[in-house]
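In structure tokens below, several structures.
Each of the two complexes below includes chain A, the first together with chain B, the second together with chain C.
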Partner chain A sequence: MMKAKRVDPFFWVAIFSTVTVVLFILFPLIEMITQPTFNDLAETVKDRDVLRSIWLSIYSSGIAALISFLVGTPFAYLLARKEFRGKKLVESIIDLPIMIPHPVIGIAILGLAGRDHWLGQAMQSIGIQIMGTVTGIVTVLTFVGLPFYVNTVKTGFESIPVRLENVSRSLGASLTGTFLRVTFPLAWRSMIVGIILCCARAISEFGAVVIVAYHPMIAPVMIYERFTAYGLAYSQPVAVWLILVCLVLFLLLRIFSLPKEHKA
Partner chain B sequence: MIRLESLRIELSGFTVHDIDLSIDDGEFFMLLGPTGAGKTLVLEAIAGMSPITDGRILVKGRDITSLPPEARGIGIVYQDYALFPHLCVLDNITYGLRYHRKDDAESEKWVQWLMDQLGLMPLAERSVKNLSGGESQRVALARALAVNPSVLLLDEPLSALDPNFREEIREVLKRLHKEVGITFLMVTHDFAEALFLGERMAVIHQGGLEQTGSVADVFQRPSTPFVAEFVGMKNIFQVVFDKGTAHIEELALKVEAAPAKGHGHIAIRPEDIVIRKEAVSDNGINLLQAKVLNVIQRGPYYEVFVRTGKIVFQTMLSKSDLIEMTVTETRDVYLTIRTSDIHVF
Partner chain C sequence: MKKFENYIKWIFVFFLGLAVLFPFSIGAEPQGKLIIFHAGSLTVPFAKMEKFLEGKYPKLDILRTPGGSTKMARMISELHKPADIMGSADYKIIDKTLIPQYADWNIRFAANQLVLCYTDKSRFAEEVNAENWYKILARKGVVWGHSDPNLDPCGYRSLMVLQLAEKHYKAPGLYDQLIANRPKENVRAKSVDLVALLETGNMDYAWEYLSVAVQHGLKYVVLPDEINLGSYKYDDFYKQAEVKVTGKKPGTWMTRQGQSCTYGITIIKNAPNLEAAVAFMGYLMDPNGGLQVLKDMGQPPFIPCRVSSEAVKAKLPLPIQKWVEVKN
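== the complex of A and B ==
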């Protein structure tokens, strides 16, 4: 007699969880994207304020990612390659921006940049204004995005065998030469992934930005403002446009960073 | 010439200490030791990749202790090849040339010669990701030698290879060393490799040097029980010497060149203990009565364990001898050991 194949109950639990999680994430987003009519979307995209806010979001996040790349890369390299006293502490400090409530970050930065603080006074004397400026927005976005860049790139560096760098040095290349000719060509994909994650985190920031710079309005702040002032229907089209633009940008970056050789 | 003077390296709880070595120009020197003895640490210290706590490193009389790796002129070949995965074979090999100002035509000729010697010409444009172990190791060798280092360090270059590639690369190393005249310092845990390739060697154990000397010398005359065991000596016993005799419990063996009195060790290679059907006596020979305990086939030969009194000796026989002498378990036999074959230390 044939025996029916018994499937472990855990298999069904896993299937159920997968479906639930995917629906939980997709359902609200799909609903939001499909609710505005084409007309709404077309109207919204003609609105200069909307375009400006989306552009500001992308561009300030991009600058935050660029700053993260410039200062975060050498820092991540140090963390990946060197053992030193207090390394665990430094690594936890890097993770702090991920844990702190976002408005608290905004308040902390404002506290430094205000007229009551010597740093704020110093910055104002050379013409740097944080409150209500793009500089302020970029500062906040870098603060929240940097940990994602550093952690990703650190893992990328760690996956490159130290021996490759050792061999390069033994062949006569300096530390810089070795970094440029061996480490960077092997790590740039993880840098792109780091930039994507950093940008993604920066674009989604709201709580800290709203405290430091309500104006000029980045897209999340504008969506929030339209929601509180005019309601759901008015805020949705802006949100849809933000999601679409980000999706395209991240997709492009992903494609660009895919490994070339996938020959059969 | 490389000189290591009282080298001391401390790294995450492990210490390599009191390393004093001098290696002649053009020599093939072996640093031998079990896994975890500190061999690789010594190599990386010479190459400038592990910081040293104390001591000095001199190459051709120049103190290089505080120089960065790129200024030392010391090449390194790792067991896992460490080829640059983003470069092709040729770009790997010529990687270091730009840092060594030299006549371009001359460099090119040298690289051509190396690639030719190592059979790499047909592979020049290939990606290093698609190479076999043997090919990868040949590329790594060519890359290290292309810049004409004053010393080439080899970190277990044969360990990761399949047996047939291992033999091939072993031959290549021997031939290349003879032809390029560069000092080779190779780390290995395999005594057979040391015997085949090395001229002189040092045995390192738990971070310290146990013995230094010519390969033949260390093989014939190990100076500590550890080295004796490591070079394949069996039958190592703690003994008490008394006027030309070594006492192992109640057994007495005549030995040569022993101290008049005191404690020490003896070691006898299995092949130097001869099994006989009948007693023979001669000057300079120890004759013992024994019983066969165990016969184990080891490929082309047999390991035979025999007991005399409480002492068990390990010896060996070819298959034909085994059959001819009808050596079987529990059989009574005679053993002869020449006094000169008993190594005293």
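== the complex of A and C ==
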């Protein structure tokens, strides 16, 4: 048993890269989190504007994720299961919001909502406002978050053997029944992960939102406003609270979606 | 032999001439890095001037840093950042922050003013003018906005115009009435952000500097000098406008008082590249050079540029003294 274990050099490479990546992410964040004093943090959390903006961020990102879940799930299923002409094109279109510069997204959405566009006219006639409203914020956040949901869930569906669905269908279950009773129970974890990613992307969005809505302020906009008006000392505590709240939320979701008997 | 002596004489004259001209030929060619700090609203015209001068003097490299004028002046006075030239959107900042320690003089070279911008598609675009704009802004359904007074001088200046309008048009209560018709959602961080809202048809009217309106090709209403913050002759009237903006930390406030948008510029004492700085100033203050560029871009220049006294004029570098007049 005393024989020296031969360790593959790849092991050390992996250790090295792990440490590098973790430090790379944590170092700036720790630097920022440790800047404000407890006093600053306590003072900030008493500020109603700050609380309102953090809540608005979470709430609007949540709605964006919910919309992504409702419209994205059947779409992701289709992409995972069916081959059709132009599928590659559709998949590329899904990725577009990830690549487009954020302000461009904001301007594009405002362009549709304007009075000289038929869609804008139609929306305004039934009382839907995009500029400076929560509706506008949710629209933007859904736009940027949707690709993350669809791509994640698509991969989730692809990992489920088609065989299981075929068995269900051959036993007489409808497509809907098969989806709800066979596919969904097997894929819901990937949906949770998709929702987390979509939410995370949405919460971090700034560039597109600030064009569509400066007021009401989501947390990233407020952090920018605080930074410009008062400097770093007053924007950091807001950022720290946002990070903490998000960390807790995402941690809960991860724990909740973790398989109980994970032994793979 | 006579001929040979003649040759010697001419060669001597030639070299003498060279020796005399040589230092000038070095002096005439500005080179190296020229660091300019300037107001954000000067970005477009200064970029054009940079391009021209760098084309003319290939060895010259102009490094511009645009930013809020107060902040830029503080970078010189508090952080001691090296700079050759400081161009400020408010000439008083140079007087207050830089003179006497970091600068000796201050030249007023351009003005700006607040205008009410709109597009063809704006509601009541056909009828808006300098007489009725404030009535239109008070109408229900008209969407208008300004930038955040806490972040952008254009924001508090817009509010000052409204206050002055109340006095000028003798319409008591006008300010409150107008603000009541401007939901918070119509306020944006920077005035330039409002341009996108106008162009996409989400907003009808927005307050901007004249230069921004011209540079973006917007339609605009020119307001009377008494209220447009464009002429320092009316500084005493402008002073009546007061806007409360946020102070140094959340929950604290300070008051901004109305004054004209007059641009000032100076060369910083001990400028690292004085020669190039003088060359830039010479071009900027030339009515056919920089002042024309400013004019084309909607920033009304002072032709000639102005200094406050003969004493100040005497302090200017010689080559640019001819471009100024003493005028208050």
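The criterion applied here is as follows: the second predicted complex is superposed on the first by the 240 of 264 C-alpha atoms of A that agree within 3 Å, B and C clash if a C-alpha of one lies under 4 Å from a C-alpha of the other, contacts with A are read in each partner's own complex, and residues count from 1 in each chain.
In this section, contacts are C-beta pairs under 8 Å (C-beta built on N, C-alpha and C of every residue); 3 or more make two chains touch, one makes a residue touch a chain.
Worth saying up front: this structure is predicted, and the values here are computed from it rather than measured.
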Chain B versus chain C as contact partner of A:L186, first or second or both or neither
first
Output check: A:D47 vs chain B and chain C. Expected answer is one of first, second, both, neither. What do you get?
second
Mind working out whether A:S159 is in touch with chain B, chain C, both or neither, as first, second, both or neither?
neither
For the three-chain arrangement built by superposition, which of chain B and chain C touches the greater number of chain A residues?
C
Let me test your reading of the model: by the given contact rule, A:I107 touches which partner, first (chain B), second (chain C), both or neither?
second
Touching residues on chain B, where the partner in the complex is chain A
12, 44, 47-49, 68-70, 72, 74-76, 78, 80, 82, 84-86, 95-96, 98-100, 143-144, 147, 149
Complex interface listing, chain C residues touching chain A:
121, 148, 150-151, 183-189, 193, 196-197, 200-203, 246, 248-250
Mind listing the chain A positions that touch chain C in their complex?
47, 49, 106-107, 110-111, 113-117, 120, 130-133, 210-211, 213-216, 224-226, 228-230, 234
Going by the contact rule set out above, which residues of chain A touch chain B in the complex?
83, 161, 163-164, 166-175, 177, 181-182, 185-186
